[in-house]
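Two complexes, one shared chain (subunit A), two partners (subunit B, subunit C).
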Partner chain A sequence: MKLTWGQRVREARVTLWTLIVPPTVWAVHFLTCYLWVAISCAKAGAFPRYPWAFVAGTVAALAIIVASGVIAWIQSRRPGDPPPHDKGTDNDRLRFLAVSTMLLAALSFVGVVFTAVPAVMLTDCR
Partner chain B sequence: MSLHDQDDPALRKAQEERLRAVWEAPKGLFFRWTDVNNNRVGNWYVVTAFGFMLFAGVLALIMRTQLAVPDNDLVSANTFNQLFTLHGSTMMFLFAVPMFEAVSIILLPQLLAARDLPFPRLSAFGYWSFLIGGVFVSGSIFFNAAPDGGWFMYPPLTTRTDLSGLGADIWMLGLSFIEVSSVAAAVELIVGVLKCRPPGMRLNLMPLYAWYILVVAVMILFAFPPLIAGDILFELERLLNWPFFDAERGGDPLLWQHLFWIFGHPEVYIVFLPSIALFAMLVPTFAQRHLLGYPWIVLAAVGTAFLSFGLWVHHMFATGLPNISLAFFSAASEAVAIPTAVQIFVLIGTLWAGRVVWSTPLLYAVGSLAIFVIGGLTGVMVAIAPFDWQAHDTYFIVAHLHYVLIGGTLLPLFGGLYYYWPLVTGKKLSDRMGRTAFWIMFAGANLTFFPMHLSGMFGMPRRVFTYPAELGIGGLNLMSTVGAYAFALGVLIVCIDLFRSPWRQKAGRNPWNAGTLEWLVTPENENWGVRSVPLIESRYPIWDQPDFVKKVDEGRFFLPDAEEGRRESIITTVLDSRPIAVIRLGTPSVLPMLTAIALGSVFILTTYHLYMAALVGAVATLGFVVAWLWTGTGEIPEKPEKPIGHGITLPLYISGSSSPGWWAMFITMMADATAFSGLVFGYFFYWTIHPEFPPSGPGLNGPGLFWPMVALGLAAAGWAATIGAREVNARGGTGAARLLLAIGIVASMAGIAAGLAGPWTSDLVPEQHVYPAIVWTLAIWTSAHSGVAAIMQSYTLARSVTGRLTPTYDAELRNISVYMHFMLLTAAVTYLTIGLFPVLA
Partner chain C sequence: MLTLLSGCNERQSMFATFGLTAERVAALTIFMVVAGALIFIAVMALSRHAIRAPENAISHTQGMRMVLWLGGIVPAVSLLALLIASLPLMRPLPVTAADLVVAVEGEQFWWRVRYPGPNGGAPVETANQIRVPVGQTVELRLTGADVVHSFWVPGLAGKMDMIPGRENRLVVRATEAGKYRGQCTEFCGLSHALMAFDVVAMEPAAFNRWLAAEARPAATQAAPGAALFEQYGCAACHAVRGTAAVARIGPDLTHFGARATAAAGILPMERQAVARFIRDAGDVKPGARMPTYAHMSAADSLQIADWLIGLRPTETRP
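Coming up: the complex of A and B.
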């Protein structure tokens, strides 16, 4: 039987590693912005030559975060087992990790936007 | 064994006697100190850290007395410098972090219904390291030799030997030693949380304390190593005159600030999150309901952990970095307020939704949150760079950080003390004294630190030993001093309360009516931890699972016996906590203590430049470690498996990625790789600050391409030989595996020589300029790792030859494979950097 896209998402494997995907994306985005600007200002004495790359990088980071948030949202609503979903079942464990991932995606989204603001608005090395 | 066997009281009694005999603590004037059981080691740890807190508190009182009135001369400027440096360093390194580890060593096995953490001897080693290092550092003030450069030890003040004496070395080497013990504790706690939970305790049923401990221990793993890297550079400068932080010879003091604060800011959350963890345990108990928003707490803990690594530059706003760099860190500093607030709202919401019992511990929890929130709000203020420029290095910052630390660490720990005292001693503390002490401390803390906001705004710089009357801040300072003494009075009342405890009645089991596993403990506090390891179906099993306590006590769950006379615990899977093995735990031994003494001697003797004696200490350390591993780990069990009850039979030996040893190696190597990345960061940091890097000239041209590539090739050969040995051994090819290991040893030994040959043959002079110094450092680091690889390969070969490692029982070989992966990564980064980068640049 062929699985639909929604089913496939719902059955995707969830671990402690998938939990930290959104904040890891934040970390990579943050470090890239900081290091790129710092190195460019120190070595070239000028702001990076392609400011639009910050926009592109930010959009890419946000896309990954939103994607993991959406997957988590679908998984967090997987049917089965009664509320409040705090039992030791496969379903409740999945729902818990999914809800946590979704919340982390929300926080990481805000974090990435916060980081992007200076990169996009302040385009010099002062 | 069927379940109904447990109906027989005689059988239960026999089981209890066997368990009691197996877990009996060693006796005797000396041998009692060789104990490794978590209830004993944890208590020593807590008492010692509490003692250091009192000591550092007395230092603070002396400072406040000196500052009570303008132009005071109670202590000299020099003594004052030692006082504030030691106060900050002791509170951070000898109280806050060790206290978290100590409390976790006591609580975690109870919370996870494990008989003990997976590496009890490692806990004991951590404790003895902490004690030796702590006494060494804090005792220095009695010899007028304490560090005096402030707790963050900024160079060049601290690296120039004409400006600061032995104190700087004592700080660096003494505290490095303690950082080693902190990383050891982190390894223990992470493996404990991930692999030693009771059956059924899936990730979503884990007590929140365990979640926080996992997060904080992972933070230690990434936060402490950069400081260790910084310490290495710092001591190379002080002892060997390698100019890492000396601007005249190409170094840069700012590198130290980066490395220190990459450690220092996560550190704040490392000491704060465990306190919220205590709240997450005691708030549901006194709200008499489940904690609201369990996933929100996990969000808060994990989110804070990540963001806290993006804040370090906010301590460096005044150093002249480009404004855009400041803006990134300012943004992250504002963002971290979100998860911090989430956990506070979760706690408030739980109290709101519950039926609150206004107990003494809850009073501490709520009061400390109030203080913490004030510190958090000033934190949001100083996260804004322009405001920080005004407040930087003034008493405003002193006020901010003390509000955060008293509200976020100290008072919560007192709350935890009142909550968990019955768990440790079986007795409650006095409610009357506890509440009196709380209100005095609460008033005292505010009276001490609130005026400091104002004295800072009026221009009082931090760390001054006195101030003129004309500044008009005498009244504010006098208030702070009165408040400090009031706070000390509160602490004194708590101490008196503790001292009266031995004369009090036992309180009965689970006196607060809590729902979590740690309250299974009986007032008699048996050494075995739990009578039988339960099956968990709820976050609050004592509340929710019928007859839970009775079933545990009657041994109706798993592992109710110790038939073979061994200390045992169950290993489970990471996500769903399915039982996969029974491991035999370490028993009391003098080796952890001896190892700590030997390793401590290396650090202490180096402080006094007694290098030959330190070398003897290093050899002794290696000897003790090998003896410890050889006699205490990787034992082949007398039978392959054993029943643990309910028809489940588990193996007595596991190797590879599901075993605790493999995880411990992996986690340790993550910390090692992080320290290494701190050194590599140094190399590229120097590249960014120099127009021409690497520089050219006599003593600067090197290390060439040839030797680094040879060293890399040898590292790859050593790696391939070890992995090959693992594979052929698993297929029964014992002889071929031994041969491959022998080849690996030769490759690793040759790797040491080839690694050092690059800088050696090209005559790089490390004292001359920072470039040769950092190249030498990277080469030495990697060669030392080749040396450790050779030792590990030799050890494994010896295990194989003596029949202690077989195709079935191959844990050592799988564990050193993890090391070899990291070794190859280290060699690749080092040799490609020092060999290829000069060519490309």
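Coming up: the complex of A and C.
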């Protein structure tokens, strides 16, 4: 039987590995922006020739962060025992990881936007 | 309050602007202060409201929603808006190959200034005074000769470091003619605070006339001061174009008398002040490399001062 996207999302399990996806995307985006400009300015002597690549990279990074945030949000709303969710059960562990992932995704979203705005607005090496 | 007000002046102030960049900086400063004040008032009002509200005035869900909006979304969006408002200022003014390039070198404790020669002639070197044409883009190439200095003309543009072995570029555009002042803003030694310079923004036609006059050799004539200048060995460090003095260790004195101040913005251009500096530069400027002439008589120093102050370019009318 073929699973729908909604089913896949509900079937997926947030883990410590998926938890680090949004900050990792943020880090990669940050390093790409800074290193690309720095290397281009130092070695080629000019701002990277394709400024729209920053926009494309930023949109891609934001898409991944939003996707992991949405998946985490859906999983954080699993039906089950009433709050507080602070027991050592599988369900509570999953909820904790999901909420943490969602908050990290929100933080990473803001971080990526704040990194991208200067890169897109300042197309100058000086 | 009086101490603060003593900073108010027309010649060297971020708020007495005469340059494009400084005008934008002043506008952004006001915008940021107002925005910061509004945010502060809003936070204080909310705190007051929260402290005075009875317990359980809002539900847990309402509280969490408030944290989401007022603690997350509103601050992120406000900061993003402030960032976007400030970013255009970080973009330097555009500059073309045809724009005037002035080289400025910071030395303990004075400024070496070099203009391109008029009509493609030899560069014109002067010191402790920078002239810029109003309404034209000027690229300042800044470097340090000995230690790190920092170039700041608050009314013109932001500050920029002058680092030995490195050339930093500051693009400026004066908008209003007048006499202003700049100051070293990176601690560079004993007389760091006494390392200032005059800035003159002038109409382009007047600037071109001035540069042509500045490029000429010194308007000197046989005077007792000229002979004493040679006798005391001043030419070992200083240049006065048109005479035998060509050394480049100290400031160029070719048109010394035409500058608004002496000793890099510290002394008035008056014979007593200049004579005092000649005899004991270290007394005026501790740490200056110019030696003390303790054996020089007051009369001799006044003679040299008179000759130096008389060195003014002959202005030609177009």
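Please note the rule applied: the second predicted complex is superposed on the first by the 121 of 126 C-alpha atoms of A that agree within 3 Å, B and C clash if a C-alpha of one lies under 4 Å from a C-alpha of the other, contacts with A are read in each partner's own complex, and residues count from 1 in each chain.
Assume a residue touches a chain if its C-beta (ideal position, glycine included) is under 8 Å from a C-beta of that chain, and two chains touch if they have at least 3 such contacts.
Computed from a predicted structure; not experimentally measured.
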| item | value |
| --- | --- |
| Contacts of A:26 with subunit B and subunit C, given as first, second, both or neither | first |
| Partner chain in contact with A:42 - subunit B first, subunit C second, else both or neither | first |
| Contacts of A:110 with subunit B and subunit C, given as first, second, both or neither | both |
| Contact breadth on subunit A, by residue count: subunit C or subunit B | B |
| Subunit B versus subunit C as contact partner of A:73, first or second or both or neither | neither |
| Residues of subunit A contacting subunit B in one complex and subunit C in the other | 110, 114, 117-118, 122, 124, 126 |
| Subunit C to subunit A touching residues, read off their complex | 72, 76, 79-80, 83-84, 87-88, 90-92, 169 |
| Complex contacts: residues of subunit A adjacent to subunit B | 15-16, 19-20, 23-24, 26-27, 30, 33-34, 37-39, 41-43, 47, 86-88, 90, 92-93, 95-97, 99-100, 103-104, 107-108, 110-111, 114-115, 117-119, 122, 124-126 |
| Contacting residues of subunit B [partner subunit A, same complex] | 200-205, 290, 294-296, 298-299, 302-303, 306-307, 309-310, 321-325, 327-332, 334-335, 338-339, 536-539, 574-576, 688-689 |
| Subunit C contact footprint on subunit A (complex, rising order) | 106, 110, 113-114, 117-118, 121-122, 124, 126 |
